[in-house]
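Note sheet for the following structure.
Per-chain numbering from 1; labels A, B, C and D assigned in written order.
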Amino acid sequence: MIFEEAADALVAVGRAFDARGWAPATSGNYSARLGDGRIAITVSGTHKGRLSSDDIMVLGAGDPRRPSAETALHQAIYARFPDAGAVLHSHAATSVALGKTIGDEWAIEGHELLKALPGIDTHDTTVRVPIVENSQDMAVIEAAVAPRVGEVPAFMIRGHGLSGWGRDVAEAERVVETLEWLAECALAERRFGA
Amino acid sequence: MIFEEAADALVAVGRAFDARGWAPATSGNYSARLGDGRIAITVSGTHKGRLSSDDIMVLGAGDPRRPSAETALHQAIYARFPDAGAVLHSHAATSVALGKTIGDEWAIEGHELLKALPGIDTHDTTVRVPIVENSQDMAVIEAAVAPRVGEVPAFMIRGHGLSGWGRDVAEAERVVETLEWLAECALAERRFGA
Amino acid sequence: MIFEEAADALVAVGRAFDARGWAPATSGNYSARLGDGRIAITVSGTHKGRLSSDDIMVLGAGDPRRPSAETALHQAIYARFPDAGAVLHSHAATSVALGKTIGDEWAIEGHELLKALPGIDTHDTTVRVPIVENSQDMAVIEAAVAPRVGEVPAFMIRGHGLSGWGRDVAEAERVVETLEWLAECALAERRFGA
Amino acid sequence: MIFEEAADALVAVGRAFDARGWAPATSGNYSARLGDGRIAITVSGTHKGRLSSDDIMVLGAGDPRRPSAETALHQAIYARFPDAGAVLHSHAATSVALGKTIGDEWAIEGHELLKALPGIDTHDTTVRVPIVENSQDMAVIEAAVAPRVGEVPAFMIRGHGLSGWGRDVAEAERVVETLEWLAECALAERRFGA
């Protein structure tokens, strides 16, 4: 993938996420691994629903702007998972609320939609999304995430949102869309009295 | 109906359902019966909010692509109901949550909107939507559905979503829109304390 | 107001209401009184989010199509309130759920937004929206509505939706928008534990 | 900032807020401080989702139209905070409901999104948004607000909505978007049982 393609795809993600309320204020950060191995990522402090390609920068390319404050988490995912081509961080009210009200993992079972996650081919399974505590020190978050990821390409930071990844932007978006929908469904189930 | 009309109508359904959150990730599948009796259906694995006519294929026409994993369920409906011209499967958080928290049927009564279902001409009635268990074997689902459909042109698969049909795409869409709205209303009623 | 203006305004209302989920399937019906005293109203059975001017007809003008099934209720409002220039019927999940879970009136108090209703100039008041039982006989609904309307230009039919009116389409839309928002707020209040 | 820029920015805010349901009927009011120190503000009684530049007026410039009924509150903020360049008042069902069900302040803690508020650089803090009682006398509201603002650039009026400000329209919008999202999250947390 060349920069222009990556930038266009990340801009489109921002618009889609913002339309669903998953990118309030300047929250959220999105990246993609380019064909040459470099990482394209959103510039810090931008409104993700109103991105243009100019708001995407390449790490290590001399761009004087500040990349997303969570750049280190993106880099750690790319380093650990050679197949990861894109990482997306959403900030949705429902999944953040879910994460604040349960323990250190979110167990999901009995949903056909689980099959939208890579490697899952039945509803008749349990998927566990790790939840780690928030910190302003990315190294602390990364240390908490490292031993716990792998089963699904996603984790949650408490009070902070969801990170999902995939081979490309489309797959990463599918992972995030799946989990945010499952959080909405969990909320509705709770209200129906389950 | 010729292929081009059917494809355009199914593409529009996908956009409308996705805008309402009824087609997360690559969920959902839509089909229509063409004038020559063949079935046009969504290709497997596509994002339903971003379909183009190229993502609709005709069964048995030599197209090498894989049709929706639930093609057999669509075919069974067309075989059983000669008047059925379109089948739509939605995947909405609220109705899926409802289906996970009740028994093997969803009884709806006292709603003017029931009249939007074919054959219903009063609010003063009870409509029962069958709910069957999910399976990765379409034959198992179909065997559970077969003896229970007919009262309304719809059924639910637990944890998996809602299927509705009609004489044409517009009527099938009306059935789905009606039932998804009624699920939303059931949720709100529950919260108001009913 | 001439027909073309009325039709354009009602088409726009349909699009706005459908976008908010207040016009599922073919529900809802909208009318306006023309300058010559005749009533323009939506044709029965149309999808209100996809209206064109062709879906609006003038009563008593020889149009062979069937007007909205609730035409008699619109006519009764125009007869009783000489200032009424438009009547809009919405079908929103939240207010319908509210109406199904309370008695024969909806009392609203302490809301600044009440001032958006004609004749209300303070939040420090209580507004009562009458709720009548549903019937397939418009004369029965009208007989129940007649003695109870007047305080606010609106009433609810249980399990069926909200009717609001005003001097023109804009004012009628403001009445409906106000009450649907207040129903949403009532729902949120209920969830916050009030 | 010149008038045209301010007007365009406020028109865009109205469209964005209305799309999220934060500007029902004719509620909401938005202003910006121009380069020459004058205040541009929305005309009273307009629908905020359908503003044009013509619906923005400059205070003290001889415009015969009536500015927003809450103009005095905007002016008080500009007088007290010399850096304030824009003030936005939203009217969202969730935050209004929240305000009606708690005491005289809304305490928010443990949210990464708090960092979107000016001067906050960690999630590990508690932010307190003051809530004052509603009145039809702006001087009464202003007297209640005056001793309590400053920690965050925002306050709530019970049953009436949220006011937020910033150096420019973008920052004020970020403040409002942050707090409305946090109210949505509080609602979801409540439902999840926190």
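Here is the rule we go by: contacts are C-beta pairs under 8 Å (C-beta built on N, C-alpha and C of every residue); 3 or more make two chains touch, one makes a residue touch a chain.
Since the model is a prediction, treat every value here as computed from it, not as a measurement.
**Student:** I need the common contact partners of chain B and chain C, sorted by label.
**Tutor:** Intersection of chain B and chain C contact lists gives nothing.
**Student:** Count the residue numbers both chain A and chain B use at their shared interface, divide by all numbers used there, and answer same if that is over half, different if under half.
**Tutor:** The interface is built from different residue numbers on each side, given that under half of them are used by both copies.
**Student:** Quick one: report the Å distance separating chain A from chain C, using the average Cα coordinate of each chain.
**Tutor:** Centres of chain A and chain C (C-alpha means) sit 43 Å apart.
**Student:** So how far apart, in whole Å, are chain C and chain D when each is placed at the average of its C-alpha atoms?
**Tutor:** Going by mean C-alpha positions, chain C sits 30 Å from chain D.
**Student:** Can you list the residues of chain C that touch 2 or more other chains?
**Tutor:** 186-187, 191
**Student:** Quick one: do these chains touch in a line, a ring, a star, all-to-all (complete), or other?
**Tutor:** Per interface graph, the chains form a ring.
**Student:** By the touch definition up top, name every chain pair that qualifies.
**Tutor:** Taking the chains two at a time, the touching pairs are A-B, A-D, B-C, C-D.
**Student:** Which of the residues in chain B end up touching chain A in this complex?
**Tutor:** These residues of chain B touch chain A: 21, 24-27, 47, 91, 93-94, 96-98, 100-102, 134, 136, 157-161, 186-187, 190-191.
**Student:** Flag every residue of chain B that touches chain C in the complex, lowest number first.
**Tutor:** 20, 110-113, 116, 121-124, 170, 174, 177-178, 180-181, 184-189, 191-194
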